[in-house]
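Got some structures for you, see below.
Consider the two complexes below, in which chain A is the common component and chain B and chain C are the respective partners.
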Partner chain A sequence: MTERLTNRWNGITALAFVAAGIGILLGQPVTLLLSAVGVGYAAFAQPRTAPEATVALDRRLSETDPDPDDDVTVTLTVTNVGDQTLPDVRLVDGVPDALGVVDGSPRRAVTLRPGDTTTLTYDVEASRGVHEWGETTVLTRNWSGTAERESGVTAPGNIRCIPSLAQDHEDFPLRKQTVEHAGRVTTDTGGAGIEFHATREYQHGDPMHRIDWKRTAKTGEFTTIQFREERAATVALVVDTRRDAYVSDTDGVSAVEHSIRGARTVGPALMGAGNSVGVAAFGPIWTWLTPSLGRDHRARLRETLATGEGFGPLPSGDRYLPRQTIRRLRNHLPGDAQVIFFSPVADDYLVTTLRRIEAYGHDVTLVSPDVTDTDTHGGLVATMERSERLRAVRRAGIRVVDWDPDTPLRLALQDAVRGWTR
Partner chain B sequence: MIRRLLFGAGVAAAVLGLVLIAVPGIASGVAITELLVYGLGALALLLAAGALFRRRNTAIVQAETATPERPTPLPRPGSDVDTRLRNLYRLQSRSRLASERKSLDDRLEELAIRVVARREDCPRETARQLLERGEWTEDRYAAAYFADDIDVPFRDRVRASLGGSVTGQSARHVIEELADAAPGVEGDR
Partner chain C sequence: MSVVDRSPTTPGRVIALLAATIAFLTTLAGTAGSVGIGLVGAGLLALGVFAGSRPAIDLGALALFAGVVFAAAWSTSPVLPLVGAVAAVVAWDAAENGLSLGQQLGRDAATGRAEAVHAAVTLGVGLVAAIGAYAVYRLSAGNQPLPALVLLLFAAVVLTAALRD
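Right after this comes the complex of A and B.
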């Protein structure tokens, strides 16, 4: 709480003195009498304390777990619970930083007699994450406005907006892998599976159903069909949440938001195909969900991507510690895990990081939402820098999915896959 | 305390005045010289001047309220470069100008080396030399940005400085030239 003098009415005594001075010097009683007006105003401006903010707040939200883009109506009731009139009360509600007001106003200026109540109503548009209302700023002034008291009054209120995981199970092409679980990553090893790989001479113990009977009929020799082996993979979806990644597209949506949306699409697709999926926030606040499978894990994945501390809608004020973060990622990643890294690649540091992860033996695929545009010279610079960086990442043997977030991720994937197989 | 005393004195004077209006006879014994009257008048004007002077030197102070209506805005990619370019025109302080210029230089140079090295299919060092000799572009403004011995034609320099900043103009040309060389980057500034 702070109290200050506003300097309003400051110098009003000049009016009294001028009138008095002229009246006396010219010997005009009427002019002298005018100074009484000035004295009156000066007396009005005399009190120099502002009343206490004796208000009680009550906040009602039309919904506490809305879907993204839903409008939530906020009703803030403010009551003067003191026994003095508050002649000038200004209210500014503490709307969560990441939410925008779409209708109504979170401000109000009123006079509140003891027991009087005023109600503010406005709508905010929900977006991913947990959003907590902060202190409502209450400014109280005295009648003349010469003093002002600024107080923060809290009333609880928060919404949790948890977007659902993507429903369409579009395949995400993982990099080839050589670990032994039945699943979907194709390998170059022949064995059991679906896709034809090669044939070889029958060996004792080969299963009957893999014998190429047609060939046996033709040649009289037993041959065994080898299928391309398919194995389950362990995948970590790592989202770049460093301050540099919080750059916005033309609609004001951050690259981190697009990245998380990408993870919501890729995660269930991979799990649907039998892979273990985990997530990590690669930024100042480390958040990690160990790769796993199953219904419960899906729910955890959804929750973590929405409300995980590291996945905040706005950049964290904490400092990013590069070494510590990379060490944590390395320690948490299972040895055979692939990494799908989501980042706008807004700095050179990320290129080095991806190379390092790859060097630690994890296959990396970069999914990069492109939020740059070329409307300004600065935008051009950012666009060119990004494409040079993507080139450097590709040169390091890392797969890149260059994604325009206005289009579905699967289109970018189709384009990318064409490039990989070329 | 002083305020209270003054307030008390004021009230006493007012009461005395009212009494004098009601019973003018009381004042008959008091001799009021003209000098005293003029002196009081002058004092009042002096106090008025003092009050006005104090008023002139104080500003209204009141709370600045936040803007909760909009979500906290996040920077657009490259907005820092735009700010630097604008600052080249705006900033007056030489030291700040120099530091802005340095940051912009470093950033544009690194980008230019990458783009030119790729376009010319040459090592970074060669690209750097091309930049320093101004041989990477036909555009004189752009060439002059990295090359010390290339000057923008005098007439253009005058024109650019009327517009604000030769450096700023040159930097813009550099960016446009690089964008022309980079495939898939089409500017629509």
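Right after this comes the complex of A and C.
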């Protein structure tokens, strides 16, 4: 709580003196009389203390578990619980930084007599995450406005907005896998599966349904058809949450938000195909969910992507520690885990990072939401720099999905897969 | 996310311009000089409330007050000059208040009632002072010499200045 002088009536006494002086010089009683007005206001401006903010706040939210983009109506009731009139109360509600006000205003000026109540009503648009209302700033002034007192008053209020995981199970093409678990990643090993791989001579113990009966009928020899074996993979969805990744598109949505949306699509698709999926926030605040499967894990994945500390809707104020973060990722990743990295690739550092992860023996696929704006000169430069970086990433043998976030990720995947087939 | 417009509020602008117009009209009773000063003052104040400039508001109101003071030198009745002086102060007060509200809360915030109350109080204070002055003038007119009036008022001015530490 701070009290300050506004200095707004400074000089009013001088005004009275000037009027009196001119009146005397000109010998005009009427002019002289005007100094009385100045004197009156000087007396009015004499008190220099602002009243205490004797207000009680009550905040009501129309919904506390909204879906993303839902409008939540906030009703803030402010009552003067003191026994003195508050001549000039200026209110600024502590709307969470990540929420945008779409209708009404969270700010108001009022005069409150004892017991008087005023109600502020405004709508915010819900977005991913847990949002807590902060202190409401209450500025109280005295009648003449010479002094102002700033106080913070809190009233509880928070919303939890947990976007659901994508429903449509579009397959995400993982990189070839060499480790044993039945699943859907195709390998170069022949065995049970769907896609034809090769034929070989029948060996004792081969299942009957894989014997090539047509060939037996023709030649009398037994051959066994081998299919491409499909195996399950362990995948970590790593989201770039460093400050650089919070670049916004032209609508003001950050690349991190797009990346998380991408993870919400890719995660369930991979789990639906029998893969273990984990998530990591690659930024100042490390958040990690160990790869796993199952319904409970899906719920955990959804919760982590929505409210995980590292996945904040706004950049964290903490410092990003490059070595520590890389080491953590390396320590947490299971040995055979693939990495699907989500990043706008807004800096060169990321290219090096991806190369390093690949060098540690993890197959990396980069999904890069493109938030660059080609309408401005700066945007054009950023676009060119980004393409150059993506080229460098591809040269390192890393698969790249260049994704325009305005279109479904599925389309970007189809384009990318066409480029991968060699 | 929308950007908040931080220029002076609409009620502040309206009240300030209304009061400035009244103050300017009272300068018409004086000479061309007082009218000129008054016009410059009103114009500057109008500029100040639209551009959100505190110096323009302060200087404009000062010029407006000066115009009223000079016009009063040619006036035989104190009523019009007193009205003009109060109007000039009310115009400045509403403009400055609207400016600070605009800066602190933005133009889209509901501030009308608070500004109306604020202006009414300032007007009330001015009217009380003006009526008091008028009463003194009527009582002293004719039978009291001018110097007595001067000293009486000046004492009041000095007293106020002394009260302020």
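Everything below uses one rule, namely that the second predicted complex is superposed on the first by the 405 of 422 C-alpha atoms of A that agree within 3 Å, B and C clash if a C-alpha of one lies under 4 Å from a C-alpha of the other, contacts with A are read in each partner's own complex, and residues count from 1 in each chain.
The criterion applied here is as follows: a contact is a pair of C-beta atoms (placed from the backbone, for glycine too) under 8 Å apart; a residue touches a chain by one contact, two chains touch by 3 or more.
Being a predicted model, the structure only gives us computed values, none of them experimental.
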item	value
Which of chain B and chain C A:Glu309 touches, first, second, both or neither	neither
First (chain B), second (chain C), both or neither touched by A:Leu5	first
Partner chain(s) touched by A:Ala346 [first = chain B, second = chain C, both, neither]	first
Touched partner set for A:Val95, first chain B, second chain C, both or neither	first
Chain B versus chain C as contact partner of A:Thr376, first or second or both or neither	first
Touched partner set for A:Gly40, first chain B, second chain C, both or neither	second
Which of chain B and chain C A:Ala109 touches, first, second, both or neither	second
Partner chain in contact with A:Asp171 - chain B first, chain C second, else both or neither	neither
Which partner reaches more residues of chain A (counting touched residues only), chain B or chain C	B
Which of chain B and chain C A:Glu388 touches, first, second, both or neither	first
Contacts on chain A seen with chain B and repeated with chain C across the two complexes	6, 8, 12-13, 16-18, 20, 22-24, 27, 90, 92, 100-101, 105, 107, 139, 252
Parts of chain A lying in touch with chain B, wherever the complex brings them together	4-8, 10-14, 16-18, 20-25, 27, 90, 92-95, 97-101, 105-107, 127, 137, 139, 148, 150, 246-250, 252, 254, 314-315, 344, 346, 371-388, 391
Contact footprint of chain C on chain A as seen in their complex	6, 8, 12-13, 15-20, 22-24, 26-44, 46, 87-90, 92, 100-101, 105, 107-111, 139, 143-145, 252
Interface residues, chain C side, partner chain A - complex	1-2, 62, 65, 68-70, 72-73, 75-78, 81-82, 85-86, 89, 96-97, 100-101, 104-106, 108-111, 113-115, 117-118, 121-122, 125-126, 128-130, 132-134, 136-137, 146, 149-150, 153-154, 156-157, 160-161, 163-164
Sites on chain B touched by chain A in the complex	37-38, 40-45, 47-49, 51-52, 54-56, 58-63, 65-66, 68-83, 85, 107-108, 111, 114-115, 118, 171-172, 175-176, 178-179, 182, 184-189
